[in-house]
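Letters A, B, C and D mark the chains in the order given here, with residues in each chain numbered from 1 onward.
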C-alpha cells in the first residue's frame, strides 16, 4: 500500500509499518510522511514506537510489513549502510560511538571499500572541512571517550552528515543537552532544513516541538494518530492525541511558600574531587540543603554537578573537605540501566539491591517482597507482580520503581540526577510529584536536571555549578542561565 | 660472551616464530571481540594438515595445507561463537579438545598405530644476502626458513591495516562496540567470521612452521600448549601487532634462556626455568599498570 | 485464549522435540562415522560406553561418581567465580595448590589420627592463596584475570613437578611422587566395596550450601549483585565492588583448593606430577552447562564423570583410542551448546 | 631371587620356539586376556610404541585377547587396573614405574589377575615388576659417545626427570668417563614428552655449548633432537627405548634398546604356563632384553678399537660379571632390593 501523499516532494515516507518483538507489538501499521526541506517532529509516549519506526527507516531492523519510500521510490534496507547510501542519517539517543577511538576514526568507520586505505590525517582534514561547513565544533583528533556529551552528540550529527545525509533523524537529541546547547542545536537544525534538507526529530517535549517543527506526527501504541502542520494545531490537541485523553499537563504549579524545617540536613564543606587523571572536578565547594526544601542544581555538562551530587549521596568520597550526611540518603542516578537496576533481576531482588552493601546473615525475601509491593503501589509502578523481571517494565515504570525504592524507609535526604530523562509526559509528572511529596514530608531534596524548565518547576532554591565551583543564584531564569555560562 | 649471544638470539627467534604467528592470529580475533581459547586446536590441526599435504606435495604446498586445516578448525569455532552466539571459553575448550583428538585419530587412520618414523620435507633456511652476515643478529633474523620472513610482511601490514584501513577500523570498532559498528553499516558477525578465519590461518601457519620448518616430523602433542602461550602474548603485547611481536620475542628469549641455563649447567631446577616465561608474563602484566588496552567487548557473547 | 494456548502447546512439543533430536542425530552420526572409519565395532563401542558409565553399580559408584567428584567441586568453584563476575579460569592451578598443601600437611604427620582435619583446611587455604595472586593482580594492577589465572595454572603445574622431586619426594628419593598416605589421611569410603569416598558427599553438600548461599544469604546476594551489575551494586547498594570481587576470588580458589585436597586424600593417596588431566578446564564446561546453578552442577558433574568413565570403557573394551575419546567429548560439548542455542532461539521466537 | 628370575627366564626363552600350542594346555584352558596401560600415545615410536608392539605380539603369538588404554593420571591407573581385574584379565601391564602404587593397591582385590609394572620394585602375590637394566647399554653408549666426541662434551636430553631416565643418564656419564676421564656431560630436561620443537632447541643449545654426541630419552619430543643433529655438522645422536636407528640413519650412532615385546612375551608365557612367580624381574643384557644396537648405516663412525672394547664389555655384561661403577649404580632404582 502506497500512501497517496508519497510523491517526489516527500523525502521520506513510511507506510503501514508493523514490527513485533517477542510478545510486544511495537508497531502496528504506523505511517509517516516527511516533506523535503521541513523539520518534522515525531511525538509519542515512551513505548509508542517512535524509536522503532525510525530504526526501521534507518535499516537497523527489518519491518514485518510496510513500505519505505525515499523520494518516492520504494526501498528495502538490508543494513543501515543501504540507508546511509540513500541519504538517510540517524543520531541515536544512546550514542553509537566507539569510545576508544578518535573522532576522525569514528567518522571514518564503515566508509570506503573493503581494502581501501583509511588515512587518519586525511579524515581529520575532512572533519575540519565538515566542522567549518556545519559550524559544529569538534576536535578531530580527540578520543571520543574523553569528550563531554554535547560534543559526542555533535560528533553523531557530523557522522551522519559526513555521509551527505539528506534526511537526518535525531532521537531525543536534547535529553542530554544544557539549555544553551539545546538552543544552539535547534538553531542549527533550522539552518540545515533551510538549506533544503530534511530533519525528523523524535521528542517528548510537545511545546518545543510545536515551536520549531514544520509538521508534527503523533504515534500512540504503534499507530499514527495525528499528522498535521505545526502551525495548524495546539499543545492541548497534541497532548490529547498523545495520551489518548484530555489532561491538565502544562499548567504551572502553584508555588507554595518555602517552608523548610530550617535544619541543615546535608552539607558539604570545602570539598574537592579529582577524577582519574587528577583534574579537579570540584574545587573547594561548600553548600548545604535544609529539610523540607528542594535544592535545584543547574550546570552545563561536566561543570561538576554530578560529582557534587555523588558526594552528597555518599557515593563518592571527596579527596579533601568533608560532607555531613544523615544516616539515610536516597539516591537516583542518571544512568538507570547501569547504576540503579539490574535488568534480568526481579523487582524484589532489585528492591533488596539497596541493602546489598550492608546486609548480613540471610536475606528475608518475604520481607523484601512486601516492601517491594508497597513501593510499587506507592509510586504507581505498572507491573503485573513484584516477581516480574525489571527489564519487562517500561523506562518510566523502572524509574518510578527506583524512586519507590530510594524513598522507602523515610530517608532524611534524597539526591536525584536527571530523574525524568527519557520519560514521557505522564511519567515525568509522576516523578516530579513524588519529589514534591517527599519535600513536603520534610525530606531534604537535591535535584540536578539538564532541563531548566523542570528545575524551575520543582526547586525551591537553585545553585549553579560552573567549572567545578558552586554559586548561589537568585530564583530567576536569566540569572541562572548567565551563571551556567560563567557570567555573574 | 659474543659467541654465546648469536645462538641465543637464534634460539629466541626460532622459538618466537610459531608463537608470533599464532599470537598475531589471536590478536586479530581478540580485536574483533572474540577470545579464542581454541587456538591450541587450530595449531595442531595446522601441524597435521601441513604434514599430510607436504607428504605428497612438498613443504611449500604443505604450508597451504596447514593454513587450510587451521581455517577449517577456526570455521567450526566461528560457527558456534559467531553464528550460534555461544560462550567463547566453553567453545574454545571444546575446540582445543577436538583439534588434539581429531588429529590424533586421523594420524592413526593415515599412518597406522605404530607407523614408521615419519620424516616430512622441510623448508631449508634461505639466508638473505648481506643482511645475514650482520654480527650477532644476522643469523637469527636473516638466515631462516622463508616462512619466517612472512612475519616481516605480516607484522607491518597488520599494524598498518589496523590503524590505517577501513577494514582495521571496522575490526576494532566491532571489538570495542559492536552496536556502533552495526550502525555504521558494518556487520559485526561478518567481521568476526573474517577475523576468526584469519586467526585460523595464522594458527595453521604456526603449526605448519613447527612441522615443516623446524622439527621435520609430527607427533600428537606437538603444539604443546603454544595456543595458551599465544593468548598470554597478546595481552603482554597490549593488543598491537608490534607489541605482540615484541612479546613473542620476549617469550622466545625466556625459553632460550631456559635452554641455555640447562646447557650451561647453571643448576637451577628446570621446573623453575620452564615456569619462567609465565612468571615473566605475570610480572609484565602487573607492570603494565591499570589502564588496560583490552577491547571493550572482548569475550562478550553475541 | 485457552484454545489458542492449547494448539500452540501441541505444536510446540513437536517444535520443541525436533531441534534436540536433530542435534543429537548429528552428534551421534559424526561419532558413528569416526568409529566406522577407525574400523571399530559400533555396537560394542556404544555398549562399552554404557557399561562403563552407568552399566553397573560399580561403574556408577566407583567410576562415574569418583570422576565426578573433582569435576563437581571445581565446577562449583568456577560457577561461584563466574556468577560474581570473576572470570577465574585458574581452577586447575588452585586445585594443584590445594593438593600440594594437603599433601605437605599429611607428610609432616601432624594431627595424628585427625590429620584430615588439618590437611583439608590447609588445601582450602592454599587454593584461596593461589587465587589471591590473580585477585591481587586484578585489584592492584587491573590485570585481566582470564590471563593471570591461566598463567598461574602453568606455574602451579611446574611447582608440583618440582615439589615431587624436591621437598615432598618419597623417602628413597627415586620416584617423582610422595610417600603413600597412611589410613588416617585417607578419606573414608561411603559404600563398602565401592571407591566412592566422602569427598563426593562434601561436593554435594557444598553444592547445596552454595545454592543456599546465593539464594538466601547476604554474602551470596552481594556476590550475585556484583556479577550481574557491578555499577548498580556500587551505586544503588553501596557495595565495595573491588573487595567483593577479591572475596569471590578467594572463595572460588578455596573450593578449588578443597577439590585438590579431596583428590589426594580420597583417590590417589599421594601427590604425583600430572595428578590432574585438566580437571580445571573441564570444570568450566561443567559449570557453564549447568548455567552456573550449583544444584545443576551436581547433574553436569555426573554427566561429565559418566562421559569420562564411559569413554575409558570404550578404550578398554572396544579398542577405540584415547584421541577419539577427546573427539567424542568435544562433540558432546558442542552438541550441548547447539542444543542450548535451539532452546534459546525457541524462547525468543515465542 | 635374582638368580631365580634369570633361571626362569631362561626356561621361558627356551620354550619360545615351541610355539603357543605347547604351552596352552598348561593354562586354565581358555585363551588368556592381556591388558596394557600406557602413560602416553602409542605412536611415539619409543617407550609407548614398543609396549604396544609387545601387546600385539602377545595377541598374535599366544592368541590372547588384548586391550589397551592410554591413561593420564594416577586416579585413572587405579581405576583401570580395577576394571581389568573385574573383567577377569589374566595379565594387566602398567607400562612405567608410575603404575606401581596402583598395582599395590588393586592387586590384593583381584588375586586371579597378574599385575606387572614395567619399572618400579613393588611385588605382591600377583604383582611383579619388570626391571630393565637399561643402565648397561646406556653405559656402553656412553663409552661410544666419549670415543666419538671430538669436543670432549656430550649431552643427555630427557623428557621429564623420571628415575629410569636419570639412572640411564648416570650410566651413560659413567661409561663416557670410563673412556675419557675429562669428558663433560651436560644434561637437560624438556619438561614434557611431546614438544619436539623444544627438544630440538635443547639439542641446539647443547650443540652450541660444544656437545657433539647427544643421548636422547624423550619419546616424541626426542624426535626434535634427531632433527637438530641432522641440521648440525658432525653431531651424533644416540636413540633410546626402541630401535631408533632408522629415524635419522645418517646421524645416529646407535640405540639403547629395550626389547619390550620380548620382555612381554616372556612374562605372558610364564603366566600362561602357570609358572608365575612374584618378583622383580631383572631384564638385562644377559637375558638379551636390553642391548646396545649400533647403527648399521654408520659402521665407521665408531673407531674399530672402541667397537672391540664395547663388545668385550658387553660380553662381560652377558656373562653377568660386569660391575657398574658406584656412581651410576647409586642412581639405579632397580638395584634397591625388592621389598
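By our rule, a residue touches a chain if its C-beta (ideal position, glycine included) is under 8 Å from a C-beta of that chain, and two chains touch if they have at least 3 such contacts.
Treat the numbers as computed from the prediction; the structure is a model and nothing was measured.
Interface comparison, C-D versus B-C: the higher count of C-beta contacts falls to B-C.
Averaging C-alpha coordinates per chain places the centre of chain C 36 Å away from that of chain D.
Averaging Cα coordinates per chain places chain B and chain C 28 Å apart. Taking each chain's centre as the average of its CA atoms, chain A and chain D sit 77 Å apart. Taking each chain's centre as the average of its CA atoms, chain A and chain C sit 46 Å apart.
Residues of chain C in contact with two or more other chains: 158, 161, 165, 321-323.
Counting partners per residue, chain A has no residue that reaches two or more other chains. Residue numbers of chain B whose C-beta contacts span two or more other chains: 104, 107-108, 220, 271, 274.
Chain pairs that touch one another, listed by label: A-B, A-C, B-C, B-D, C-D.
The touching residues of chain D, when paired with chain C in their complex, are 35, 41, 67-76, 78-80, 82-84, 86-87, 97-98, 101, 105, 120, 160-163, 191, 333, 336. By the touch rule above, chain D contacts chain B in their complex via residues 41-45, 49, 52-53, 56, 155, 161, 186-189, 191-198, 200-202, 204-206, 208-209, 211, 220-221, 223-224, 227, 230, 244, 246-248. Those residues of chain B lying in contact with chain D across their complex are 4, 7, 10-11, 14-15, 18, 104, 107-108, 111, 113-117, 119, 210, 214-217, 219-222, 224, 255-256, 259-260, 262-265, 270-271, 274. Chain contact summary for the complex, chain C toward chain A: residues 216-218, 221-222, 225, 228-229, 231-240, 348, 350.
Across the complex, chain B is touched by residues 34, 37-38, 87, 89, 133, 137, 140-144, 146-148, 150-152, 154-155, 158-159, 161-162, 165-166, 281-282, 284-285, 288-289, 321-331, 333-334, 337-338, 340-341 of chain C.
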